[in-house]
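Please see the structure below; I have some questions.
The chains carry the letters A, B and C, assigned in the order they are written, with residues numbered from 1 in each.
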């Protein structure tokens, strides 16, 4: 594999899930595969799980992770072609990406969207620039529109926890005080579309995700109807896609409660705001899979690193 | 051992000191004990010695240290149970601690006190939350009220440098421009109470430490009287405990001078403000043990990590 | 070798270049030389290439790099002797350097100049303090007046790319919006003075570098004349040395263009501001060596680390 920047980079989700489960059973089986290979982790934004799980995955494979907070450790990077760089940016992505490629055998990048300019965000100008100018494989640790390590993790977690051949999975919009990206939701949708599940999205009007991603997936605006007989409920806030990046709805009635959850398992990518996105009774119950999701982040990342290492 | 958050976690200080000295003689003797084990170092506050010495200790044991500045690298953590998280905190400690436990075989935490709310500081709400919600051993790299890696280091250093069976040790309050925590002083008091030393504390009126910690230890308000015939003098500022977190005294006469030190050895945890806490003539003399104390931080931490590794 | 803080620490540049090329051919040949040795990388300023290439070099030798951003991770350091530390600095360099020496087998430091106080900058008070108080070897990762890892890298790159026995090398001042240090230019000058090249500097009037460094090197104020028949052109901005730290000239006509470059190879230490220092047509052409320079940073650093390791 030469890159991992989208759920679409997974050629066969079923077999990937099985391979990730094998890594989870025996995380150190390939502990020499990455010997003397460096993974550069470049963060344009904060990170807890992604930061730690990707380092752990690299260490399990014997790699040397090198972490860099781009904003704090270095300087402003220019992404525009042809610009006269007499402003605040000190280095062009053409040089930055090519240079990091000299020191790292693969580059993992986190770069959130502006949520102000839909076109620019959808162009994925940061991630795409790294893909264009880096001479080594690039991994997305969450880009403007996708979070493929999370989406793959979620697929693994559902596979591990389902008791049915074809479970019902609901992605339910949740309230939040900040305008959040669509990346986690998008990658979850894409992962579910590749799995043998009954999948439905529920969100308030005005909050439909990009239809180019949701495609034929049913969108139900009545949360109670959508949650009926669910086996897995994934709660997640996102800002409006149509009225791009705006908060149109702060109705706390969309919070996930134990009563609404019923017998379903609860999922969330974390960090989760308690008693806003989901109530304590949900998160503190045995129905919650959020910690196991966090655990699976390691093995999702480890499989991606392994597949790239095998092709270096 | 399942945790190290207090001098009280040391079952036998004498034997711990001997074991630490053995590690110092041969730091790499157990260099494979921690192979493929990760130590997460979480800093809510700045750090130099603790940051470097704990990493060095982990490396000596073959562990992989993963450092994270919580404030800069991630986001605000919520510690209140039941709160509706619609403010500035993005993740509850319940999730944060459980999640970090998925990636690290043990977690070391530094979290200073507010020095504003005595009850909250004494409740050690950050450290205790990690201890409660982490599923792996927790090590304190200085909490609101204790700095047990420093206290153990100080005990090792006194043991190495004493020429007497029962030396006289004085903990002497020192002036400072900022309001400082009680953690270093508290752990030093607790360590001395476990050692065969003649121990006395000297501080201005209004600066007595928590009596639940000082217990029967003599407190002498006349510094000159206290320092008489001392073998070791530990200078350290702390803010008032009684008038909690306040600076009541800025009398520079409490600075430790070469004259006052006499034939005693000088100790300080560092960082030390020269010519405020102690004069240059003290710090630049052969009587100063401060660099050796810093050196011993590695072996204190290494013994703690070793004891925890042996019980994983 | 006991330190590397200047091009003057290179005893024989020709043989160093050959040794560095050998490391580049076989970077892992000495991969166990640094086992269980730590390299402390202390950054008082931001860094991308130096940060990553020095870590990579250390890893290639089996060392454990420990990175610390001094300003963000720790506290203010005092450099004045005898000062009463009742201000904003919390630790004296005497303790800081001695302490870091307890945990690291060598210390690499980046500390830029103020560009306000020529005397203080030329005294190299930060780097010199580390050299004085550290008990382990010190490496400069760019000090107030020199960037010897870059200068050595540049010499390697010219040696690799020259087709002539004695190529013509031009250091050409370039426009910039900020006042920049002289370190890169100074070390490049010193490196060229040790190589068998025809070397000339071109800069506007008022921008002559320190004559104690340029010595007999020709300085030509007419850029077009200087560039004639050049084989290598190194573009770089620096602020005025005479009118210390000032920007006297913003004439964009000094920007390097493809036309001016002619058949020469283009060099720059990076980060480079496109269309200000050099136009896109230069940086995007095959004549540009800037990425190869960045690549050679690893082997320059690796040879320095190797020579120090062999003398520990």
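The definition used in the following text is that a residue touches a chain if its C-beta (ideal position, glycine included) is under 8 Å from a C-beta of that chain, and two chains touch if they have at least 3 such contacts.
In this text, all values refer to a predicted model and were calculated from it rather than measured experimentally.
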{"item": "Common touching chains of subunit C and subunit B", "value": "A"}
{"item": "Type of subunit A:subunit C copy interface by residue overlap (half), same or different", "value": "different"}
{"item": "Length of the line joining the C-alpha centres of subunit A and subunit C, rounded to whole Å", "value": "39"}
{"item": "Multi-partner residues of subunit C (at least 2 other chains)", "value": "72"}
{"item": "For the subunit C and subunit B complex, residues of the former touching the latter", "value": "36, 38, 40, 64, 66, 68, 72-75, 78, 82-87, 90-92, 94-96, 98-100, 102-104"}
{"item": "Of all residues in subunit A, those that touch subunit B in their complex", "value": "28, 31, 43, 46-49, 51-53, 55-56, 59-60, 69, 72, 177, 270-276, 280, 283-284, 290-291, 294-295, 297-298"}
